[in-house]
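Here subunit A shows up in two complexes: once beside subunit B, once beside subunit C.
What follows is the complex of A and B.
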C-alpha cells in the first residue's frame, strides 16, 4: 500500500461527464467519474454492459464519436496535458449540442493527439479481427504505427545499422558483456550510432536462444545493409521531400521496410513462433490468440506509458485467455508501463489487476486494491456482484434482482437504489459521495459514510 | 433418455487446390444422458459442442453414428456392447426400435414436442416481427401439441413461470432486455412440456447479474419438472453450478466424461487439467499452478494424427502420434537456439517418412540433447533410436479410445489404457 502512494500519477480523471446525443434521447454514459492511474500498475475496470466502462476508455484516448458531448471534467496526462479540453469547452457551453460542430472539433483533436497517442497512450480493443486491417500484412500494420508516430526512429535504426562496422559491433558486444546494458547505450551514443542499441538489445534479451547464437546474430547485424533504393528513400525523407508524390512513396517504402524488421523484433518479444513468416501474413491467417498478440504488439511498439485494454480476452477461449493474461503480467513486470484493463469478468481482473474500480451506471461505485475489493467489499453492488459470479466452488448463486437503469433518465440519488436491499430514504434523494474507508479504498455509499 | 453412439458430423469444404476436404466437426462421440440428469458439455470454440447439441435434436443430420431416443438404460448398454463386439444384428434390432435418425414426417414431429432447444443469442433467436406470445405459441402450434385458446393460455402461464408479467405477451422482442428475451426463449423451449432441453450457451450473451437470474430459473425448472438437460457452454463455472455430469470436448472429440465433482476437481485427462487450471478465479494473490498450454487448437481440416491434443499436451509420450515434421521442428529449434554452441551452423534437420535426418551432427551429442530435453519437449520422447548416421527413428503411434478410468468416468487418453 505504501508503495502505491509513492508512485507517480500518470493519469488523472476528474469529474468526467459524457453523454451521447441520439435520436432516441440523451444517454448519460459517464456521470462524474474520478479516477487515477499510477505508474507501473494494472487498474482493472469492471462493470456490466452499459456501465460506461468502454466509454471511459474511449474518452481517455480521445476517441469519442461525434455524438458524444463532454459536459465537464478533465483527463490529465502526466498531470498537465488536458486531453479533452477542446471538446469540453464546447460541450460545457450552454447551447444546443450540434454533433456536426462536435465532429469538426474531434477532427482537430485527432490531429493534436497524434503526438500523444502511440507514445503516451495506446489501446487494445476487444475483437482483434475488427481492429486489424484485413488487407494489410501484419508487419505492415506494426510498421505503420511507428511510421506515423515516430518515423525518425526508423530512420535512426536503418542509418545506424548501415553505418556500423564489424569492429563497432565487436566493441559494443564486449561492452554489453562486461559492463551491461546502460554502458552499451552510452557507448552507442558516443559512436553516434543511435538506433542500433534497440536492435542489439532486442536480440540480447531473447530467452529462447543460446548466448553464442545471440552473439552471432548481433555480430551479423552489419550484414543487413540498405540497398540503393532504400538509401535513396531515406535520404529523400531526411531532406523533407516525403510530400512530393513519387519520391514520398520511395521514402515511405524504405521506412516501412525498416518497420518490418522492427515488427519481427516485437513479435519475437511477444512470443510468436516464426515471426519472420508471421509479419508477411494477413490477419485472417492467424488464430484469435495470435491476432490479439499482434494488436498488443501494435499498441506497445511505440513504448506508450499507458495501455488501455478494452476486453482484450473476452473473445478468446480460456486456454488462450490464460496465455494473454500471462503476457500482460510479463509486460507489466518487464517495463514500467501502466495498464487499464477493462473487463466484465471479475475473475479475469482478479488475476491481472493491482487495483480495481467497479463501475455502475456511469459512476465509480467502489475502488481499491484487488485484495480489499474481493475480500472486504463495502458497496452493496460489489458484494452482490461477488455473490452472483458463478465459480467452481459455489453451490448457490444470489442473483441481483432487476436490471440496469435506463441511462436516458437515471434515477435521482444513488443509481443502484432501485436494486439495493439496504435502500434508505435518502438514497433516493441524494447522490452518495465517495468516502475513503481505508488507504486507497473508496466507496460511494451512504451505508459506509454512516458507519464512520 | 438419449444416447449418441459414434456420432460424426463432417462438413464438406469445397474448393482449393486439394479438392473437397472434410471438416470433422464432431468425430466419434458417444454420450448417453439419463432421464432427469443435467449433462454439461464444455469445450473451447470449434470443439464441436454446438454441432453435437444440434445433432442430438436433429437440427443437423449426422454424417454417421446413431442416436437412440427414449430407450431404457439396459437397451443402451446392450447397444453399446453390440457395437463394441461387432454384433450387427442385435444392434440393428435395437436401433430399429429407438433410433431418432430413422424417424420421419409426423412421427418425428410428434417427437419434436418432447425435445427443444435454447440458443445463445436471445437477440437473433427471436423473430422481431412476432409478438412475445406468438413466439411462445409457435412450437405448440407447429407441432400440433396445443392450439387456439389453449395454447394462448399456456403461453401466458409460461410467461408468469419464467418471471415476466403477462402483459409482456403483446410486446415485441426489441422492447425487451437481453435477460428478458432469454426468459422468453426459455418459455418457448418449455412450451411443449419437453422431456429433453438442449441449452446452447444460454447465458454467454448476458451480464453476470442477469446470468445468475437465468441460471437460477433453469435450476428451478429442473427441480420442478424433472427436465433432462444438455447444457453446452464454454464457461466451466456455469457447468459446475448446473450439471450432474460433465463431458469435455476438444477438436470434435470427447476427451473426458464423468461426474461433475470428479471431472472438475480431479481431472484425469491432461487437456481437462489444463482447461480447469486456466479458468480465472476471483481470488487475487492466490498461489496456484496454472498450466498454460502452448499454441492453438488444431486446424480441423487436417487434425494431428493419433490423439488430437498431443501437440499441446504437457504429458504426451512416444505413442501419442508424433510425426517426423513435429519432431524435426522441435529439434531444429533446439539446434538453432539453445544448443547452438554444440552444433554450430552446419546442421540440417530434414523430416522423412517416420524418420528425421540430422545432417552434419554427431549422433552422440544428439542423444545427449534428447536425454536432457525429453522432459520439457514432449515430441522428443517419440524418438525410438538414433542410428550411426544420425537418423532418428520415430515410434509407432496409437489412436486413443474412450477408456473406462473408473466406474463412472471415461477418459480418452492413452495414459488410462
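What follows is the complex of A and C.
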C-alpha cells in the first residue's frame, strides 16, 4: 500500500456531478464522484448498468453528449489541466439548461481537447462492432491517429529506413545483441537514424517468431526503401506545404503509407495474424475480437499516459475475452501507462486491476486495493456483490433484492438505503461521507463510521 | 482477387441489362404503334401528293415499313433497324433529317448542360448539406432548410421562371434565351443555321476557334438553365444529406474519431461525410430520372437547343421518329445510370458484396 501513495497522480476527479436532460426528465448520472488514478496502475471501475460508470469514462474524455449537464466538479489531467471547465462554467450556472448552447460549448471543447485526446488520454469503447468506421481501411484508422498527433514520428521512421545501409543494420544488430536496448537507442542517435530504433525493437520484441527469423527481418529493413512519390510527399511535408491543396494530399498520402507500416507493427504486437493483409481490410471483414484489438491498437499507438477501457470485453465471447484480458495485463506490464478498466463483471476486474472502485447510483461506494475489496469488503453493497459472484461451491446465488433507485429523483440519504439489510434511520436522512478505513481503502457507509 | 470479383459483377450486371433494354424497346414500339398506321404514314408521306401518286407512295411506304405485317413482326423489323443504327427520320421545325444526326447535334449540348448542373450541385449542394447538419439548429441551418424545402416543393418550370424574373428581368445580369446572342454569331464561318461545328457545342467550338467573346457569351447563356436544373436536384440532395449526416454524427465511430484526436474538419468531411453520402448515392437514380424530365422542361423554357428541346418539338409536331428515338434514348440513359450507380455504390461502400 505504501507504493501506491508514492506514485504520482495522473488523473484526479473531484466532486463530479453530471446530469442528463431528456424528455422524460433529468437523470442524475454522476452525483459527486471523487477518484484518483496513479501512474502505472489499473483502476477497475465496477457497477450495475446505470450506475454512471460509462458516463464517468466519457466525462474524463470530454466526450459527453449534448444533453449532459456538468453541474460541478473537476477532472484534472496531470494535476493541472481542467478538462471540463467550459462545460461546467455553463452547467453550474443557475439558468434553464439549453442543450443547443451546451452543444456549442462541446464543439469548442472538441477543438480544445484535440491535442490531448488520443495522445495523453485514449479510450476503448464497449462496442467493437460499431466503433470502427465502416468505409475506411483498418490501417488508415490506426495510421491517422499518429498522423494527426505526431507526424514527425512517421517522417523520422521513413527517412531513417531510407537512409540506413546494410552495414548500419549489422552494427545495430550487434549492439542490440551484446549491449541491449538502451545501447541500441544511443547508437541510433549517434548515427542520426532516429525512427529506426522503434522499427528494430518492434521486431526484436516479438514473441511469435524465432530469434534467427527476427534477425533476418531486422537486417532486411533497408530493402523497404521509399519510392519517388513518397519522397516527394515527405519533402513537401518537411517544407511545411501540407496545407496547400494538392501538395497536401501527396504529403498526407506518403505519411499515411508509413503509418500503415506502423499499423502492421502494432497489429503484430497485438497478436493479429497476417497483419499486412488486415491493414488493407475494412472493419466488416474482421471478427469482433480482431476489431477490439484494432480499437486497442488505435488507443495505444501514441503511447498515451491514460487509457480508459469501457467494458472492452462485454460484447465478446469468453475465449476472446480471456485473450483481451491477457493483452491488457501485458500492456500494463510493458509500459508505465495507467488504465481505467470499466466493467460490470467483478471476476474480470479481479484479473486485471490493482485497485477497484465500486460505483452505485452515480457515486463511489467503496474504493481500495483489489485484495482488500475482495477479501474484506466493508460496504454492504460490495459485500452483497461478492455474494452474487457465481462459484463452483455455491448452491444458490444470492441476488440483491430491489433495484437501482430512479435517478430522476434519487433518495435523500444513502442511495443504497432502500436495498440495504443494515439500514438505519439516519441512512434515510443524510448521505454517508467517505471514510478511510485503512491505507487507500475508502468506504461511504455509516456502519463503518460507527465501528470506528 | 477482389478486382476479378468486381469484373464478374460488372459483367453480370451488363447481362441483366439486355432483357431490360428489350423490354424498353418493346414498350416504346407498342406505345407508338398502338395508334395505328396512319400516324406513321402521315410522318413520311409528302403532303403535296394526291390521287394515284399518293396511293403509290402509301404502297411503297407500307412495303418499306412492313405495315401490312402483324405488329410483332413489325417490331422485329424495327428492332433490326435500330440495332444497325437506323433510327428513322425526324421532321421538326428546328431540324429535319436522320434521327442519328439529330442526336449528334442536340445531345452534346444537353451533356454540357447536365455537367454544369452536376458541377453546381457538387460545389453548392453537398457542402450546404454537410454544413447544415454540422451546425444543426443554427440560424444558417434553419435558412438552408427553408431554402431546400421551398425548392423541393417547387415544380421545375416555376424555379426557371423565378430565376428569369430575378436574374434576367429585375437584375438584368444574365441572358435567358437560346445558347448565344444572335448578333454575336452572325456571319461566323463555323456557325450555320443555328448549328456550330465541329462539336456542335457552341462553348467548346468557340474556344476551339479562339473566339473567346462568343465563348463567354455562350457560357453566360449556360448559367441560368444549368442553375435551374441544379437547384431542382440540389433541394433533394441537401435534405437527404442533412438527415443522413445527422444520423452518422451520432455513431460510435465518430465518437472514436474524436477520441483519437482527429481534427473536427476531418471528422466531418471524411469520417462522417463518406458514410452520409451512401443514401445520397442510392437516391441518385431517382434524381437522374427527375433530371431527365427536368432537361425537357428547362431546355424548352430557355430555348436551349438540346435533346430536351428537340423532344418537345417532336411531341408538338407528332414526329414519330423523334418521339421514339428520344424516349428510347432517355430510357437507355436511365438504365445505364442505374448500372453505373450500382458500380459506384460497390466502390464507395466496402460492405457491398458482389
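Keep this in mind: the second predicted complex is superposed on the first by the 452 of 452 C-alpha atoms of A that agree within 3 Å, B and C clash if a C-alpha of one lies under 4 Å from a C-alpha of the other, contacts with A are read in each partner's own complex, and residues count from 1 in each chain.
Definition applied: a contact is a pair of C-beta atoms (placed from the backbone, for glycine too) under 8 Å apart; a residue touches a chain by one contact, two chains touch by 3 or more.
Keep in mind the model is a prediction, meaning the values are calculated, not measured.
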Superposition on subunit A - do subunit B and subunit C clash or fit: fit
Which of subunit B and subunit C A:290 touches, first, second, both or neither: first
Contacts of A:251 with subunit B and subunit C, given as first, second, both or neither: neither
Partner chain(s) touched by A:125 [first = subunit B, second = subunit C, both, neither]: second
Which superposed partner A:298 touches (first subunit B, second subunit C, both, neither): second
Contact breadth on subunit A, by residue count: subunit C or subunit B: B
Arrangement angle, subunit B at one end, subunit C at the other, subunit A at the vertex (C-alpha, nearest 10°): 80
Partner chain(s) touched by A:351 [first = subunit B, second = subunit C, both, neither]: first
Subunit B versus subunit C as contact partner of A:212, first or second or both or neither: first
Touched partner set for A:374, first subunit B, second subunit C, both or neither: first
Nearest-approach distance, in Å, of subunit C Cα atoms to those of subunit B in the combined model: 7
Residues on subunit A lying within both footprints (that of subunit B and that of subunit C): none
Interfacial residue positions of subunit B with respect to subunit A in the complex: 44-45, 177, 179, 207-213, 215-216, 234-238, 240-241, 264-265, 274-285, 290, 292-293, 296-297, 333, 336-341
Subunit C-facing residues of subunit A, complex: 61, 63, 100, 103, 107, 110-111, 113-119, 122-123, 125, 127, 130-136, 144-145, 148-149, 282, 284, 295, 298-299
Subunit C - residues contacting subunit A, complex: 136-137, 251-253, 255-264, 266, 270-271, 274-275, 348-351
Complex contacts: residues of subunit A adjacent to subunit B: 48-49, 208-213, 216, 287-290, 317-323, 325-326, 344-348, 350-351, 353, 370-371, 374, 384-386, 388-395, 397-401, 403-404
